[in-house]
Amino acid sequence: MAEETEQKPAKPAPAAPAAPPAKTKEEVLADPIVAAVASAMPAAFVNAKDAIGEISLYVARESIVDVCRAFKADSFTYLVDLCGSDYSTFPGHAGERFCVNYLLYSFEKNVRIRLKVFVADDVSVPSVTSVWKTANWHERETFDMFGIRFEGHPNLERILMWEGFNGHPLRKDFPIRGIDTGARIYPEVFPPGGGPAAGSTGKSHEDVNIWKGPAVPYGRSPKGQVPETKQVEAPQGSSDEGKADA
Amino acid sequence: MSATLPVVASMFGSIPEPIVNYVIWPTTKFVIAFAVIMGIVAFTTLVERRVLGFMQARLGPNRVGPQGILQFVADPIKLLLKEDIVPAGAQKAAYFIAPMLPIIPAFLAFCLIPFGPPPTFAIADVNVGLLLVLALTSTGVYGIILGGWASNNKFSLLGGLRSAAQMVSYEVPFGLSIVGVLMLTGSLSLVEIVRYQEQSVWNVLPQLIGCFIFLVAMTAEVNRAPFDLPEAESELVAGFHTEYSGMKFAFFFLAEYASMLVNACLIVLLFFGGWTAAIAGHGLTTAAMQSMGWLGMILGFLIFGAKVAFFMILYIWFRGTFPRYRFDQLMDLGWKWMIPLALANIVVTGLVILIAQSGGAS
Amino acid sequence: MLVEAPKTKWTDRFLLLDLLTGLRTTWRELWRKKVTVEYPENRLPTSDNFRGMFRFSYERCIACKICAMACPIEIIYIDVGEETREVDGKKKKIKVLNRYDIDVKRCMFCSLCEEACPTKPKSIWLTTGTYELASYDRNELYMNMQQLEYWEGRPEYSTLEEIAAEQGITEAKALPGKGDSK
Amino acid sequence: MTQTMLNLHEMEISFGPQHPSTHGVLRVMVKIDGERIVDAKPIIGYLHRGTEKLFENMNYPQCVPHTDRLDYVASATSNEGFVGAVEKLLGITDQIPRRAKIIRVMLAELQRLSSHLLWLATHAIDLGAMTPFFYTFRERELILDLFEDYCGARLTLNCMRIGGQADDVNAQWLQKLADFLGIFDAALDEYESLLTTNRIWRKRTVGIGVITPEDAIDWGLTGPPLRGSGIEWDIRRAFPYEVYSDLKFEIPVGRNGDTYDRYLCRMEEMRQSKKILEQCVTMIADTKEGDLKAKVSRVIRPAEGEAYFSVECPKGELGYYIIADGKNPNAYRCHVRPPSFVNLSALPDLVKGHLVADMVAVIGTIDIVLGEVDR
């Protein structure tokens, strides 16, 4: 295993070279890109960050629609993206669990800014569908994936998962595999109790090839020798024959 | 008729002559014609797939027999052996009758079409032959409407509706476009129309607009691209025959190709001189062919076949080239362009004939 | 840059030139060479680095498991045992590959395992130029190391040089790992 | 039953998920009055594979082959977006060797050509013109051959690595590319001779699915649907990545925002892509062979932070939003902003009042790939 360690440097990824010191909230909010809106409603912004050229503004949940309206009036006419994220297992994160990210773009300034709204479980967020039509499907997706409810959404139902699906897949406590979906197809082929078992890692042979039955003995003799059968198994010209037949 | 064929007639010996003339002889001709047409229609499907393939930089079916020539046998066998599925909610009786309805008039129309110089190749030379052909071809749509309705499928229903609307709007220019020809020739008999053309010129020259309208209308009449709305596969899955499988589907299919053939024959007879290759009485006229005996008959048949083949290829060519019209645009074209144009054509033709006659009289 | 429909004269439209150009295109294509490759008789040649069926070399493998770690869908299953063996009169512990399975039916042929393989020539590689992998039984596509090495229709090889040639390596280097441990 | 069948007033049709022209498994519940669409409701999710969840559970290099499966007809641009986002997160965007960048641009533009050719094929066949389908596939095959020669795969390329490229291009490949570019203009003209001036094609596309510029922005449309409405915006120009700032190309925009304008835009985009490729072929001659990868550690573990990076994929803006927690070699959250998903959400507005046949045209003109819509 010498090769592996050789090629794997011990130190983690190189940090961004000569990163400027992180800006404070006030500095970011004073940035000319967002200053107009930020000065108009200073109470709405909880925090602000500017990292790798992307401005993130942390907005209070109640005022998100007003903030979006203000930004839309201030040339940020375009909602690029809206997505959720679950910070429940984020290292060092204390505070509300979910976050809804809004990414706005201004054609005039040619710049994107991000608005972040943190919400706790079971707390709904005001919908911005009244500001941008495109928010409709994004919010439905966020609801589907995280269970964040959007207040005032015209049609808040699941979009990617099916109706009646239990759970919200992108929550961190949702298991990655081994969900009992309730679907039992082809019981005559797959034995009862088949299918990925809840909590299985999927890393063992039995987990994955459930229809294969017990593992077949395979592999070579533990001596580590190339078996003598090599010549028998590989008759000369077998590949040529195969091609000629075809 | 059999008077010109004493050898054949004598084979029937003791049978009374009227029966030979009006029962046995036409039936024999029809059975032969039916078999040949069935073969031609089946073969057309192969030709279509091959030619379309060639136009699209590919080969088309070429596996069954040399150059895929037996594909037209394999396809019906496949369709015969297929499971015949009847949708659960279908109107059983209508569902079964629907495929038969278009195929009967399509093949019946061949009785009236002279494939070559009379008398051999004209099964029934009726003096209103043209009207009868038009009447028969327009009944084919009932099967399509019925099939679309009986399948209990919304896509089929839409296909049937489209077909009905299309048929209604294209019957009119279809009929109007040949009025000019009738005015010129003064006869409804297809044989007479051809005789007229060999004595003057092909009707396509004096009736260019009429011919164009006829071409468009006949393409629309048989639901071929760019007017293949009833079975537009990208919109209505397969249109009226979505729920049909096996031989029932084959019947629709055969009916479509048979009507294609009928219409191609019609345009050749009406506008392109039928089996003749003559201008102003010179060249291979009907009389010249008849005087050549059997050779002339076969020559006429071949000339007719070549002309029809051209129009069959034209159908395929259109299908390989054009996008599909939309439902309302099709109506638009039919009602707002074709019908006024056809009417204008009739008026102009009438005026010209009137002037020519008065000029001749004075 | 504003794109606009080409201007057409009314005379062109009257003469149906727009339809006739289309007809001319298809007509010309009718007589051109066709591009169909009639498959079972003729096959398209694969390029040299075409990613197809796996090939595994037991001789080359040093049982480092890097390929299994690189695999995005975890379909490479490796068991490594240790064995004491006498080499040059000394007792030495060496790693022995007990199991090397690939669930080929789930593979997406991304070749990350080949890229990760530290041996040279590679112990696992996909450039065999074989793409006809269909099977009537899905279990046949779960392959152990013998099957991975000796599947039917594989390109023949027996020596290190030939493997190297198959992988397009001009100069085969002495193998690290197993060769050293002996 | 007969009664309901004959009651044509506001019939509801399930258009898909098994339908010839929904480009995959899109399902649209259409309410029609006769043939006129009263209401349309797209239902998606039939191809949902939980890619975002998978991204959270595998390390960064392993994600790259999965991005192929998002937009499976334009996997190079999907790769490009993802590796670009991770590089941005690592802060090594400037360290990528120029040769690798040029190769990326070449692959992305080839992919744009191939994707647009596929779009043209399906769009034309949706409107009943079946022949362009085969012509475009003939040329697309050449592009796929180029991909195969480059990275060994034809469709799901997995051709980009974080920090650079895995394979280099050689003179032979560049020659093959130049040969392909040589015939491409004639091929485009051939497609256009069947469609652009054809009166049936124009009748089917002009004035269908009109999007005003304001609506386009409101709906968040990107790519040709946005440009067809007359907004000259392209990420290659607005946020130039790779070497796009050194390349000369123009952004085609339409005037009316209808299906025909979007068709023209895409045709012109193909011509521009060809120009970009020609410039790349000359540009790559000045770079050092084999200089393909920046120094990246084997285990990629970016510092805590978040980054959004987007590329102009054939369908529009494909963005990746990655949150890294700084502890694990996998993304804490990776969100994909798929252009097809956003563009498709405007479908109900676009088809309302049109006929059923027009819906097929509109779905075709949005150019969706369900792998990307459903992820």
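For reference, chains read A, B, C and D in written order, and residue numbers begin at 1 within each chain.
The rule is simple: a contact is a pair of C-beta atoms (placed from the backbone, for glycine too) under 8 Å apart; a residue touches a chain by one contact, two chains touch by 3 or more.
Here the structure is a predicted model, which is why all the values come from computation and not from measurement.
**Q** Out of every possible chain pairing, which has the most C-beta contacts?
**A** Maximum number of inter-chain contact pairs occurs for A-D.
**Q** Quick one: most central chain, C-alpha centroids?
**A** Going by the distance between chain centres and the overall C-alpha centre, it is D.
**Q** Let me have the rounded angstrom distance from the C-alpha centre of subunit A over to the C-alpha centre of subunit D, please.
**A** Chain centres of subunit A and subunit D, defined by C-alpha means, are spaced 21 Å apart.
**Q** Just curious, how far off is subunit C from subunit B if you go by their C-alpha centres, in Å?
**A** Between these chains, centre-to-centre, one finds 55 Å.
**Q** If you average the CA atoms of subunit A and of subunit C, how many Å lie between those two points?
**A** 30
**Q** Per the centroid of Cα atoms for each chain, what is the distance between subunit C and subunit D, given in Å?
**A** From the centre of subunit C to the centre of subunit D is 26 Å.
**Q** Which residues does subunit C have that touch at least 2 chains other than itself?
**A** Within subunit C, residues 19, 22, 25-26, 29, 35 contact more than one other chain.
**Q** Could you say which residues in subunit D touch two or more other chains, in rising order?
**A** Residue numbers touching two or more other chains: 131, 135, 138, 194-195, 198, 200.
**Q** Taking each residue of subunit A in turn, which ones touch at least two of the other chains?
**A** If we look for residues of subunit A contacting two or more partner chains, we find 7.
**Q** Spell out the part of subunit D that touches subunit B in their complex, as residue ranges.
**A** 1-2, 5, 11, 13, 19-21, 35, 124-131, 133-135, 138, 194-195, 198, 200-201, 203-204, 355-358, 360
**Q** For the complex, give me every residue of subunit B touching subunit D.
**A** Against subunit D, subunit B makes touches at 55-58, 89, 91, 149, 152, 154-155, 157-158, 162, 225-226, 228-229, 232-237, 319-329.
**Q** Looking at the complex, which residues from subunit A come into contact with subunit D?
**A** 7-9, 11-17, 19, 51-52, 54, 56, 77-81, 83, 85-86, 90-91, 101, 103, 107, 110, 112, 114, 132-134, 136-138, 141, 145, 158-162, 169-170, 174, 176
**Q** Over in the complex, which subunit D residues touch subunit C? Could you list them?
**A** Residues of subunit D touching subunit C: 58, 61-66, 68-69, 131, 135, 138, 141, 145, 148-149, 151-153, 156, 158, 166-167, 190, 193-200, 202, 206, 232, 250-255, 260-261, 264-265, 267-268.
**Q** For a test of understanding, state which residues of subunit B touch subunit C in their complex under the given definition.
**A** 51, 53-59, 62, 317, 320-322
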